[in-house]
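Chain nomenclature is as follows: A, B, C and D, assigned in order of appearance, with residue numbering initiated at 1 for each chain independently.
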Amino acid sequence: MDILGAWIAVFLTLAIFSFLYKDNPFYKIAEHLFVGISAGYWMSFNFWTQIQPNLFGRLWPSEHYSDSSLWYGIYDMLGFVARPIFPAGGIDMGHDLHMIYLFPMVLGIMMLLSIYKPLNWMARWGIAYTVGMAAGLRAYGILNSNVLGQVKNTIIPVIGTDLPFFSLTGDSYFNNLIILVGTVTGLLYFYFSREQTGNFGKVTKVGIYFLMISFGASFGFAVMGRISLLIGRLLDLIKYSGSEFHHASIWVLVAMIVLLGYSAYQERESSS
Amino acid sequence: MLWKRQIPIMIVSGIGFATLLGWFIDQPTFKSFVDDDATQWFDILAAFAIFLGGLNLFKLQMQKILRKKKGWQYSLFAIGGLIFALLAGFVIKGNPEAAWGSHVTAKGTLFKWMFNYMVAPMQATMFALLAFYVASASYRAFRIRNFEATLLLSSGIIIMIGRVPLGSYISSWFILYLLVLIGGIVVNSFFKNKQYTAIFVGAGIILVSVAGNSMGWPLDEPGIFYLPYLQEWIYRYPNSAGSRSIMIGIGLGIFGTSIRYILGIERSYIGE
Amino acid sequence: MNDRDFMIGSGIFTLIFLGYWFFGAPYFIVERFVMFLAIIVFSGILIFNTRKAQRGEEIFLRTIPGLKAVEEAVGRSTEMGKPVLFVPGISDMDQVETVAGVIVLSHVSKMTARYETPLNVPVCRAIVMKAAREACKESYLVEGRPDMFHEDMVHYVTDEQFAYAAGVNGIMVREKPAACIYMGKFYAESLILAETGNSIGAIQIAGTASQSQIPFFVTACDYTLIGEEFFAASAYLSDKPELVGAVKGQDLIKVIILALTIGGVFMRILFDAGILDLNILNILTVR
Amino acid sequence: MMNYLIEMILKLAKVDRRWIFLIIGLVVLIPLMYPLSLPVRAGKDSQQVYDFVESLEPNSKILLSVEYGPSTKPEIHPMVTSLLRHLFGLKRGHKVYVTCLWADGQFMAEEALDEVAVNEYGLTYGEDFVLLGFRPGAEAVVKGIVSDIRKVFTIDAKGTKLAEIPMMEGVNRFEDFDFLFSGSAGYPGTTEWVLFASDPTGVPMSTGTTSIIVNEMMPYVLGGQIQGILAGMPGAAEYEKLIGVKGIGTSGMDAQSAAHFVIVIFIFLGNLGYFIERKRSKKHQGY
């Protein structure tokens, strides 16, 4: 099973890399397979990590199980249909009984029902809940950390303490001044109610310079990170080229190059 | 209309206010809703919704196959992958010891096998494609077009080289000589006079050599020309300033937008 | 609501809150008072400016080139007879950026309806699919072209980040859209999308608040809405006074923030010199 | 000769990007097969993480949060294993609690613990380290851990009830930990820990992130909200150097250095071609 897996993994890896050459049947196979499998993967995964434990586990916890109650009667009926999802005697996920979780269940079922055109509007409630929740939670967190927190971090001494005037990589007045100027001018770039001309334009220009340095640095970091990932990928391929996997990487690579080369050759023939 | 418009707007405002105020209210039931349940509900809702998405994917790929649209053969892989993943998720466990529910993470199950040899390698390979793209993007985009682009390029290159071990072998004196040469190019394009350029470059080289000789050519001095130090300075100070201003801007943007949703000023996300 | 109502409303609110405070503020987390104040004041500014704009006061906003380009890009697709591709990011509706992306989509779909250009919106989350469909449907209805709308112009690909990127890549190289618009929350797939879009020669416009992805869009796209510009986009595109007013309000908040920063630095100097006995940093620290 | 050179540079500047792809691939592959072993110099931020871990009181409780998957494993995994080696190697009775915000993070955490805690140090599960496992919900999980860890995790990853795990005694909420290390590749990750856990409670934290999000984290590091940062694979290599155990991070550095230099050479050639081109077109316009 592991050797078969290694061969599949190698094929899929190289098939996706082949997109760098051009769009080709190998890539198309890998792409479609990836889309299909991952959709099914996340459907199953979310069901078993969200709906079953966190929703059903709260609605029918094993702690409160009794055969006589009507509520668990429904549960037993469901269990009759799908035992793995509704194991005998309630679900033991350590949750207490939370009837309030009927609300998300109703929202979820409404979401599913919205596939039927006349009930299309039902999805809106779920969307509305999501947006409302996100807005409320984010507004506080982001104002605290991204705005006030960063303002606080920008209030740094520029005179009057025992810091040195200049130190390349340590704290110094010069570096603090850079941070202060950069933050203020950068923020002014995002001031919309004024055209960026004249003196104001000059100030925002400085802001843009800081933004550009920051973009460049990000880009540099990105190059670094992406190369690291390629290193990881190639290390795997090197591992799979070993004899315990029957040299999977090498064989698949050769086969792919031959096939792609052959089709490129044929294309050239037919076009000439 | 009530069901389709007013109630969704009321849900957004109601939930939005509740989650926002929840940050300030120290009341156990309310607090646990805001801290825990609010996002949990969303996760449950999203877990329901993903089935809707899967159905849409299935429908579109099926249509492609039935109508024999161009490339329909590949859709077979998408449908096959989806069905395979759902089988592994809901029907075939593969490891009798793992219980339903924990089979999505337990060792030795078909689901885990699918993850290890299909999902993970494809995920990682798509990610690794970025190593190539980042190279070609930097090759194309890092052109000295104007001052801003030059800043972007310089900070990118300094970070790229300064952060890897090989970069720490580049003496600051080498960089100084390089700067003298670049200065020469600038002087040349500014004055368009070969004599000036020669004088500038000659004087620069002599100056750097004398200084280097008197200091004994230390690798990392003067520090501002030693790439590992310089990159640290760039990413700690000017880069931080730039990204901080973007951060504050984004923070205000998200805050303002969230408040707009909560107050019902902006409603077009549900088709108003 | 006019100014007077606004003043009366905020007066009543303040009175009620003072009363609540007077009675010991039960259940209130007092350490977060600074944040509470900030939210109230900033929201007040936003509401006030929104009202002001609704009354018809002229509000000037500087031009953002990327937003002007959206209409041009749609126009060019029409001329070339090729579709417009819109990617609303890979996050769910619980990210404010995604919601903002869907709002931009509602404007873009108005343009495609007007120009009768096909629109293709692959999405990564089913809830986003639902919301995007509603938004598009409404736009086509408003433009009087409900016949041109069909549900599957917004279609689900998969929840998996890179499978989604692979799928969108496939759409790009096979359908060759003339305009690719990326608006929403993006992660590592940003560069895969933007580079592929670049290789097929499409006009690319991006807008995102994902800080780490902005540089890629800046280098690989024709126009990029950076951070806050992206959130202002819906106001620009819709031209609705209440939204324009809110952007103006945000600008005022920015001025306050700048004043706070610079004033804070001075206060800190005075504090360090021992002249002022008030550490501004303690005030701004909210646990 | 000169003309020939110029022609070649111009040709190189317009080279099909697939040649770049091929060269990058080879430049990364070859050093991996034939390593050069360049030495590594530890930067300030890695040193800060190291020093902070060194300064932890004996018998500290450390929360390790795993937020990466197979796709970002090459960058973060070496950091996590090095940190574990450091913590256990100090032999000061530190206890490590591992949680995962990413589903696939649990596989990564299992691997790291098996490798270091079990195989290298022979430690006992439940007494020296525990894998609490993955819980879905992103920031909700973080907030849950802050308010009551036993509500989020009723059982650990092996299905044992928390009450039956000896080292869980006295651990009820986030504030009971002495230090948090987040190995983070994106959302949910370090940002959520800063916003919802470390900032509100004041428990110190460090982080190891992919290179790409370092930039986003730097303001937090400079503001003292995070104690040092391990930045990408070089950060991992630096930490490996600090604790004196070489690993994937160090061996990847050769390929990394080589690839960076090749990219810089490409950029240089591209600019050279661009300059020559621009000069020529100016001449043609008859300056």
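In the analysis below, contacts are C-beta pairs under 8 Å (C-beta built on N, C-alpha and C of every residue); 3 or more make two chains touch, one makes a residue touch a chain.
Source: prediction; values computed, not measured.
Shared contacts of chain A and chain C, meaning chains that touch the two of them, come down to B, D.
Just count the C-beta contacts per chain pair and the biggest one is A-B. Farthest chain from chain D, judged by C-alpha centroids: C. Centroids of chain A and chain D (each the mean of its C-alpha atoms) stand 16 Å apart.
For this pair, chain C with chain D, the centres built from the Cα atoms lie 30 Å apart. In chain A, the positions touching at least two other chains are 16, 19-20, 28, 30-32, 34-39, 41-42, 45-46, 49-50, 54, 111, 114, 124, 126-127, 130-131, 133-135, 137-140, 143-145, 147, 149-154, 169, 179-180, 183-184, 187, 190, 211, 214-219, 221-224, 226-227, 229-230, 232-233. In chain C, the residues touching two or more other chains are 35, 39, 42, 92-94, 96, 99, 126-127, 130-131, 134, 156-160, 162-163, 166, 174, 188, 191, 211-212, 214-216, 219, 226-228, 232, 247, 250, 254, 257.
Residues of chain D in contact with two or more other chains: 17, 21, 24-25, 28, 44, 71-73, 103, 134, 136, 139, 199, 212, 214-216, 219, 222, 231-232, 234, 256, 259-260, 263.
Chain contacts here are complete: no pair of chains fails to touch. On chain A, the positions that touch chain B within their shared complex are 1, 5-6, 8-10, 12-13, 16-17, 19-20, 28-55, 84-85, 87, 100-101, 103-105, 107-109, 111-112, 114-115, 121, 124-140, 142-143, 145-147, 150-151, 153-154, 168-169, 175, 178-187, 189-190, 207-224, 226-227, 229-230, 232-233, 236. Interface residues of chain C, counted against chain A in their complex, comprise 34-35, 38-39, 42, 59-64, 92-96, 99, 126-127, 130-131, 134, 156-160, 162-164, 166-167, 169-170, 173-174, 191, 211-212, 214-216, 218-219, 226-229, 232, 247-248, 250-251, 254-255, 257-258, 260-262, 264-265, 267-269, 272-273, 280-281, 284-286.
Of all the residues in chain D, the ones that touch chain C in their complex are 17, 71, 186-187, 199-202, 212-213, 215-216.
Chain contact summary for the complex, chain A toward chain C: residues 16, 19, 23, 27-28, 30-32, 34-39, 41-42, 111, 114, 123-124, 126-127, 130-131, 133-135, 138-140, 143-144, 147-149, 151-152, 154-161, 180, 183-184, 187-188, 190-196, 211, 215-216, 218-219, 222.
Interface of chain D with chain B (complex): residues 17, 20-21, 24-25, 28, 38-41, 43-44, 69-73, 103-104, 106-107, 133-134, 136-140, 143-144, 146-147, 151, 157, 159, 214-216, 218-219, 222, 231-232, 234, 237, 253-254, 256-264, 266-267, 270-271, 274-275.
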